[in-house]
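Look for chain A in each of the two complexes below; its partner is chain B in the first and chain C in the second.
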Partner chain A sequence: MLNYTIRRLNLLFFTLLVLSVVSFSLAFLFPGDSLTNLSGVKSPTPIQLASLQESYKVDSNYFWQYIAYLRLLLDGDWGISFTSQQPLLDDLSTTLPATVELSTYAFTLAILIGVPCGIIAGLKHHKIFDFSILSASLLGYSVPVFWLALILIQLFSLQLSLLPLSGRISLYFDVPIQSGFIIYDIFQAENIDKTAALRDVFFHLILPTLSIAIMTGTIIIRIVRRSVLNVLEQDYIKAAYGRGQTNAQVFWKHGLRNSLLPVLPLIVTQFTTLLTNAMIVEVIFSWPGIGNWLIQAIYQRDYPAIRGGMLMVSSLVIMFTISLDILIRVIDPTKGRKIRVAV
Partner chain B sequence: MALLDVKNLTLEIDTANGWINVLDKVSFSINNKEIRALVGESGSGKSLVVKAIVGALPERWRIKADRMMWQGEDLLNMRQDKRRKITREQIAVVYQNPATSLDPSATLGDQIMEAVSSKLLSRGWFWQKQQQREKIAITHLHKVGIRDHKTCMDSYPHQLSDDVCQKFMIALALVSQPKLLIADDPTMAMVPSTKIQILKLFKHLNQTRGLSILFVSHDLLSIFSMADSLTVLYCGQTVETGKMDKILKRPLHPYTQALLDSAPSFSKGLERKTDLPTLEGTIPPLQHLPIGCRLGPRCPRAQKDCVKTPEERRIHEHFYRCHFPIHRPTK
Partner chain C sequence: MSRSSLYEEEFFPSPLRQTWMEFKRSHWAFAGLWILIFFVFVIIVGPFLAPYQPLEQSPDNLLLPPAWSDSGDIRYIFGTDSAGRDILSRVIYGSRLTFGISFLVVILSVSVGVIIGAYAGISKGLRSSIVNHLLDSVMAIPTLLIAIIIVGILGTGLINSIWAIALAMLPQVIHTCRDFVRQESEKAYVTAAKLDGAGSIHIFVKSIFPNMVEIIVVQSTFALSTAILDISALGFLSLAAQAPSPELGAMLSDGLDIVYISPWSIALPGLTILLAIISVNLVGDGLRTALRRRLQH
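This part shows the complex of A and B:
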């Protein structure tokens, strides 16, 4: 177990290192002066320029420049944005929580839909219920996310006027940003009607969450269904039937755990797809998240922002995946390789 | 009355070449307190017979039988929950492959405690019942020769070696105190000394508790040492059934004869370094099963009539399916 954790952390370290190399090289690959791209200061005064050249070690070779860059990254100085002239890390710390919040809800929803539906479809194999879930899921993951989001807006916001069109919360509510997680911020805020604000946030969440969750949910349905079918064919399930256990006993005691354990890693990998979809959907719903922010940065050729955003998103994905890998390893007993010989 | 009476059990499975009878009119019966051996080569359908009895076959396979009676009750036409109740309380199976027949994600302790029938527990609160279950489980683990019950019960199947798992399967089968034990190659992965222990345990349970055993194996020596009666299976057909001593003394079917000859301990006067007598050819693959008597192409006594499936004939308690039996005058 310790061995495994160390191996995973080792992987994490080197991947992050490679990512930082890539982000560093971006500054040289983008058009314009590399120092400007790194620092984000467009027209520095001579004094500023001197101090920037000093801190980025422009005079030494690439390797020492990279080391200097790494040191600045770790110090929290990621440069400033061309457009907002704010430190990048400040921008990221307000936009990233919005995205994390949205994708967490969507992922939870996807699992809540996907796992039970997949299990039922697996148990009712080749019956009408199975076929209807399968066709629904085929439809679900064939529909492009951005198109689905537009259709949902068209239907629920414009035609039926049930749900708000865009944003995280109505402008009536003045919620000061503290953590960036809107629900936490509402509880921290003063002088607002908290229940009304929460209701409003909830209504704003419905459409973007749905449009992201549907695709991932349908994929999870298929993964889980396949795994349930696979497990039901195993010898130990037949043996449990042979021991005279009822269908319910066999499923709850032997079927469920064995079919969910192998799909956990597969479901985790879906998080990456989900995050990408979330970034697209953010643009459509004007969600103040990192996807929206990054695409604005690309439109405006805000090179430091592109570099910082890319580094932030990819590190987030990798840390998330690796920590879940370790978690799965902890809860999955079949993964332990400890052999006991003498009994 | 027989404990288990199977007559003309036929199992059809769906393959790429259409439906194939993998079991073709298998008949045998097990009396109370009897040890019956079911012998056959690998691939002769022994394990399928076992699975058909307890209903652990895929649902799309077709299973038919003239009768499959458990103490006078028809197993095939009864309600599923009733059948499960019978298999839970009165029949126990030791499966052939311990590694795949145990739940990989549950500890062995959980699995054996779950199999302890609540009938065996005296009244008490549920935590007391849990302790009683554990106690019963531990006694049975000791019985099959697992001394370190704690390690065993805390382990997952993949952490233990195959022979420990196999012993555990036997304990798991015995813990529900069945009337009939179906042991499918129970001593496969074991070293000879443990094998003898297990066989002794079976024999002992048979004598003291009146446990009937269907002993499925191809290990002729252990079969001859303990079984009362014998059923020989070839390619899904029962070729001969009868009392052990009768069959040993005078086998009627050429296949039984060949089987006995192939075991060195039974062929007398075998010169050193001579080949063991064997039948020509190999057991046919599923998609090329011969019509009629399936031994036909390999049988030294085969004649034209053998393309018709021979009917079951009997001499007292000795059944055989052959047109031209050994030791019998042909018509």
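This part shows the complex of A and C:
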């Protein structure tokens, strides 16, 4: 176990190193001056220029420049954005929580729908319910997320006028950004009607959450269903029936845990796909998250922002996956290697 | 006499034929195959089918609804968009563009991926273990995210996004090939070839690769559905094809401004994407089930 953890952490370290090298070399590959791309200061005064050259060690060779860059990264000085002229890390720390918040709700919803439906479909194998869930899930994981979001907007916002079109909260609630997590910020805010604000946030959340959760939910249904079917064929299930246990007893005592445990890693790896979908849906719903921010940066050729955003998102995904690997190993030590199955 | 004719009547299907027979048993998969064939047909003869040019504007017929609605016009079966362009023609050209590019991307990334995957599967030692582990961690990043990042680096545009998606799908293909090659390398028939003195390239080409073709086909169908989704998503975000182009994703983002007055201008391109992905997924599912059944027998 210790050996495994060390190997994973080692891998994490090297991957992050590779990512930082890539992001460093981006500054040279992008058009324009590399120092401008690294620092984000477009037209520095002579004094600024001197101090930037000093901190990025422009005079030395690439290796020492990289070391200087790495040190600045670790110090939290990621440079500033071309467009907003704000430090990148500040921008990231306000946009990232919005995305994480949205994805977390959507993922929770996907699991709440996906796991029970998958289990029922597996238990009622080749019956009407199974077929209808299977067809619905085929539809669900084939539908392009951005199109689904548009259809939902068309239906619920434009035709029925039930739900708000975009944003996280109506503008008449003045919620100062503290953590970036809107619900926490509402509790911290003063002089607003908290219940009304929470209601408002909830209504804003429904459409984006649904449009992301449907795809992941249907994938989870398929994963769980297959696993339940596999487990029900096992000998110990037959043995349990042989001992005279009822359907319910067999399922709760032997079926459930054995079918959910092996698919846990598969389900949780779906989170990264969901995160990407969230980044696209953010653009549609003008959600102030990292996807929206990164794509705006790409439109405006804001090179420091692209570099910082890419580094942040990919490091987060890698860290998430590797810590997950370790966690799964703790929960399920029998697993020699992580099995990945396409859905 | 009767004995020999009995033998003749006995039917020994080849593995490929067995897979095909298993595949045909699933009606859903078969329906998916027909839809896919239809799309391929449209891709090939599209320009002859389309009544208008995709960029041809007709200022007298702006925002016509589809022909089946009361105020529709039969000359424009799917209606027209805000610039008076025929949506049917645009959808036909769009399918051509979107799916043609997806096929291209899949062929590109599968052919490169198989070679690298085979190399990673055959080679041993520290270098291959570093490559493999890095690959595993890159695998965890969704293809669309990698594609967005690569487009961010290369700059927006259709050609750049083709490279981006092909590159982004590479890790998945390499991973599958590598695992398959490793798994097969331990089997007896490979050992037999090795004992005959075959080199590792010879073993791969003559022994392992013929067994790998089916896996590659299944993997390609899933890669195809991912590619369609990714290319249209990038088009929708205006990172790949830009606005006047009839790419399906770009058409969706084009129709975004007028969604309130003409919902069909986003409904129809989206439905086309949906139908294409469903058909590809049905075929992929059917192929995989057929393979699994054949290997079980």
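By our rule, the second predicted complex is superposed on the first by the 333 of 343 C-alpha atoms of A that agree within 3 Å, B and C clash if a C-alpha of one lies under 4 Å from a C-alpha of the other, contacts with A are read in each partner's own complex, and residues count from 1 in each chain.
Please note the rule applied: contacts are C-beta pairs under 8 Å (C-beta built on N, C-alpha and C of every residue); 3 or more make two chains touch, one makes a residue touch a chain.
It should be emphasised that the depicted structure is a prediction, and the values quoted were computed from it without experimental measurement.
By the touch criterion stated above, A:Pro333 is placed in contact with chain B alone, chain C being left untouched. Touch criterion met: A:Arg243 reaches chain B, while chain C stays clear of it. More residues of chain A lie in contact with C than with the other chain of the pair chain B and chain C. Legend: residue contacts after superposition of the two complexes on their common chain; A:Arg168 is shown touching neither chain B nor chain C.
In the superposed pair of complexes, A:Asp235 makes contact with chain B only, with no contact to chain C.
Of the two partner chains, chain C is the only one that A:Thr272 touches; chain B does not reach it. Judged by the touch definition given at the top, the superposed model places A:Ala297 against chain C, while chain B stays out of reach. Within the superposed three-chain model, A:His254 lies in touch with chain B and out of touch with chain C [touch as defined at top]. With the contact threshold set out at the top, residues 340, 342 of chain A are in contact with chain B in one structure and with chain C in the other.
Those residues of chain A that touch chain C in the shared complex are 11-12, 14-15, 18, 26, 29-30, 138-139, 141-147, 150-151, 153-154, 158, 269, 272-273, 275-277, 279-280, 283, 294-295, 297-299, 301, 306, 309-310, 313-314, 317-318, 321-322, 340, 342. Across the complex, chain A meets chain B through its residues 233-236, 238-246, 253-254, 257-258, 261, 332-334, 336, 338-343. Looking at the complex, you find that chain C touches chain A at residues 130, 133-134, 136-142, 144-145, 148-149, 151-153, 155-156, 175, 219, 222, 225, 229, 232-233, 236-239, 249, 252, 256, 259-260, 263, 266-267, 270, 273-274, 277-278, 281-282, 285. The touching residues of chain B, when paired with chain A in their complex, are 51, 54-58, 81, 84-89, 91-93, 95, 97, 100-107, 114-115, 146-148, 151-152, 155-156, 158-161, 164, 172, 176.
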